[in-house]
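Next up, some structures in structure tokens.
You will see two complexes here that share subunit A, one where it goes with subunit B and one where it goes with subunit C.
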Partner chain A sequence: MSNFLQKFGAYWLGKLERLGRATLFLFHLVAALASLVKRPSLLVKQLHASGVMTLSIVLVSGLFVGMVLSLQFYNTLIDFGQEERVGTLVALTLVRELGPVVTGLLFAGRAGSAMTAEIGLMKATEQLSGLEMMAVDPFKRVFAPRFLAGFIALPMLAAMFSAVGVMGGHLVGVEVLGVDANAYWSQMHSSVSFTHDVCNGLVKGLVFGFVVSWISIFEGADCIPTSEGVSSATTRTVVYSSLAILGLDFLLTAVMF
Partner chain B sequence: MSEEGEALVKIRDLHFSRGSNAIFRGLSVDIPRGKVTTILGPSGTGKTTLLKMIGGQLKAASGSIVVDGLNVGELSRNKLYDLRKRMGMLFQSGALLTDLSVFENVAYPLREHTDLPESLISHLVLMRLHAVGLRGAKDFSPAELSGGMARRAALARALVFDPMMIMYDEPFTGQDPISMGVLLELIQTVNTALGLTSLMVSHDLEEAMSISDYLVVISEGIVVEAGSPEQLKSSTSEWIQQFLQGKPDGPVPFQAPAPDYEAQLLGKL
Partner chain C sequence: MNSRTSEILVGLFMLLFLLAMFVLAMKVSNLTSLNSSEGYTLTAKFENIGGLKERARVSASGVRVGEVTRIIYDPENFEAMVTLRLDKAFDAFPLDTTASIYTSGLLGEQYIGLDPGAEEDFLQNDDEITLTQSAIVLERLIGQVLFSRSGGS
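Moving on, here comes the complex of A and B:
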């Protein structure tokens, strides 16, 4: 019994210690952001690596999610003769919830895992030590650009996801199922508020971008520098990011709407 | 600045452990200025660890490491970075940045720490690459280099900033006889021509003996013997003789600390 308690305690102490390290890491990361003013090219490169390279999968997913939403809402609303509300519901669902959440999950799987693996391998191959010995701070040159890039890219990707989703909804709802195009757009226009819905959705994107980049970079920098260590760090990035996104989404929704 | 003749690196009573594994147990050694010093020792004794500690990447549990009058363990981050600009380090694996070409790798310290015009950077980089025989490979990516080539490229990078001291972690591993000869000569030339201090870890005894002014043998966390190549060769210590002649039997254990062999094989443990 006492053995069990000991293990239980040690396990949670280990977790807490890691959380503490991750928090210190975050402070360090934020402090290093200022250095990007002098080296914007590093940021541009990472925006390309994490943002542009994730764009295609985000657009395709957005299209399908929009199409499915439209189909489901239509099937339900038709019973009440309210099918011209399809546009509103599709847009609200996307902008408020699915846009940021699904984009966040895709981003964690595509860009976050890549960041962790890249940084982990840099650690395993002594590139990070090499930078330090050249008097170059990895926080400034390696971590900060990736962090800021994730922070900027995710809300933009989420916005594009929602935009494409609304088009997908139009495609199915209007072109295939025959909802009046005018109703689809004008209902959406009058019920979706820019400040309340769109901006809050963007805030969610920012929060998710922040958390996913933080987790991805920390897991990479903190991994055990072996191939096994890198692979389990990559898995942890996807798992923790996904859980964090879903949990935070609930909290944010409860506060915002 | 310390005066000529005084040791560049002074290590006093150094203690350091990795978990329960005590790596240094009161190690003290002086690395003379302007000389080539080689650290010898069985694999896994902490030679790489020692270089990392001199570079300030690992902190000692107790004891001090003083480099050019500065106590590495007590420097602020900025001071430590300033000190590192004056140290070059060649990692065992090369540690080239994989997303940059060989040329850009060598140019990296210059681009980070200076505002030199592109023409001058290109000039300096090509000179260093030529010296290590890799001018023709300047546009290769590190993934396209062999292990030996990668280490030479890393050497060019370590030299490009004209450091006061350079640390080589096993520079000769994986070099063919020709590049080995070139490297030996290069290490010696930069040492005399640029007047820098070289600190080397090597398992290639003959090569190390031929270019070193001073040898330090470490084992089990302390310095076992230190002196010039001649002094070491004529050492009466059984330990040193076994190590130098590479005999498997003697006071130097080949095995990492382990339980009794027979008992383990018979499953009694």
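Moving on, here comes the complex of A and C:
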């Protein structure tokens, strides 16, 4: 019995210790951000790796999510003769919830796991130690540009996701199912608020970008430097990021709307 | 990939983001109608506003001329005070214009309809529309019908 208790306690102590390390890591990371002013080319390179490379999957999923939403809402609303509301519903769902959340999940899977694997492999092959030997701070050179790039790229991708999703909704709702095009856009226009809906969606994207980049980089830098360690760190990145996104989304929605 | 190509792609990425924001701001949401700072405001007191909400439509002859910006309860007169913001283009409503609360369709949202009167002078900024007609509350209407029927028999 006491053996079991000891193991249980040790398990949670380990978790807490890891959380503490992650927090310290975050402070370190934020402090290193200032050095990017001197070398913006590092940031551009990472924006390419995490933003541009994720773009295609985000745009394609945005299109399909918008199309599916339009189809589902249409089928329900037609019973009430309110199918003109499809535009409003599609836009609100995308801008408020699905845009940031689905983009965040895709980003964690596509860019976050890549960041973890890259940094983990750098650690396993002792490139990070090598940098330190050459008096190059890996926080400034490796971690900070990736962190800022993820932080910036996610809300941008979320905005694109929502915009493309609305287009997809138009494609199915108006072109295929025959909702009046003017009604689709004007109903949407009159019930979506820029400050309340669009900007809050962007804030969600920023929060998710912050959390996903933090988790991805920390898992990479904290992994056991073996091939097995890197693989389990990559898995953890995706799992923790997804859970964090879904949990935070609920909290943010409760506060915002 | 050399750095020039990736820089170009990141630039395109930024442009695409701006385009998406433009779509979200102009087509999806109502940023365009928000910046009607050149409009003017009017107030109107209603006995009962029913389900009227802020940002509801204000229309004249069915054409949108402005929106409801604020609804507060006036505890002195026991009435609802509604502030309307009208477009600058529609600044010629006579002083005896009536403001009524209508419902679009049977289950639709409520809006304010303006019916112009015959006065020569026009409503100015911060004026009050004195002639108002409250929203029709369905329960009250049913109550009246039942009452009048039982009274008649």
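To be clear about the criterion, the second predicted complex is superposed on the first by the 257 of 257 C-alpha atoms of A that agree within 3 Å, B and C clash if a C-alpha of one lies under 4 Å from a C-alpha of the other, contacts with A are read in each partner's own complex, and residues count from 1 in each chain.
Basically, a contact is a pair of C-beta atoms (placed from the backbone, for glycine too) under 8 Å apart; a residue touches a chain by one contact, two chains touch by 3 or more.
Since the model is a prediction, treat every value here as computed from it, not as a measurement.
Enquirer: Subunit A superposed: clash or fit between subunit B and subunit C?
Expert: Fit - subunit B and subunit C, as placed by superposing on subunit A, sit side by side.
Enquirer: Looking only at subunit A, is it subunit B or subunit C that touches more of its residues?
Expert: C
Enquirer: Which partner chains sit in contact with A:I119 here, subunit B, subunit C, both or neither? Use first/second/both/neither.
Expert: A:I119: touches no partner chain.
Enquirer: With both structures superposed on the shared chain, find the angle between the C-alpha centres of subunit B and subunit C as seen from the C-alpha centre of subunit A, to the nearest 10 degrees.
Expert: That angle rounds to 150 degrees.
Enquirer: Under the stated touch criterion, which partner chain does A:E132 make contact with: subunit B (first), subunit C (second), both, or neither?
Expert: first
Enquirer: Between subunit B and subunit C, what is the shortest CA distance in the superposition, whole Å?
Expert: Distance of closest C-alpha approach: 10 Å.
Enquirer: Once the two structures are fitted together, what part of subunit A is touched by subunit B and by subunit C alike?
Expert: Touching subunit B in the first complex and subunit C in the second, no residue of subunit A appears in both lists.
Enquirer: Give the list of subunit A residues in touch with subunit C in this complex.
Expert: Those in contact with subunit C are residues 41, 44-45, 47-48, 51-52, 55, 80, 91, 95, 156, 159-160, 162-164, 166, 185, 188-190, 192-195, 197-198.
Enquirer: Of all residues in subunit A, which touch subunit B in the complex?
Expert: Listed in rising order, the residues are 121-122, 125-127, 129-137, 141.
Enquirer: If you look only at subunit B, which of its residues touch subunit A in the complex?
Expert: Answer in residue numbers: 52, 55, 57, 81-82, 84-85, 87, 89, 91-93, 95-98, 108-109, 112-113, 154, 157, 161.
Enquirer: Could you pull out which subunit C residues touch subunit A in their complex?
Expert: Spelled out, the residues of subunit C in touch with subunit A are 1, 3, 6-7, 9-10, 12-14, 16-17, 19-21, 23-25, 27-31, 34, 55, 57, 107.
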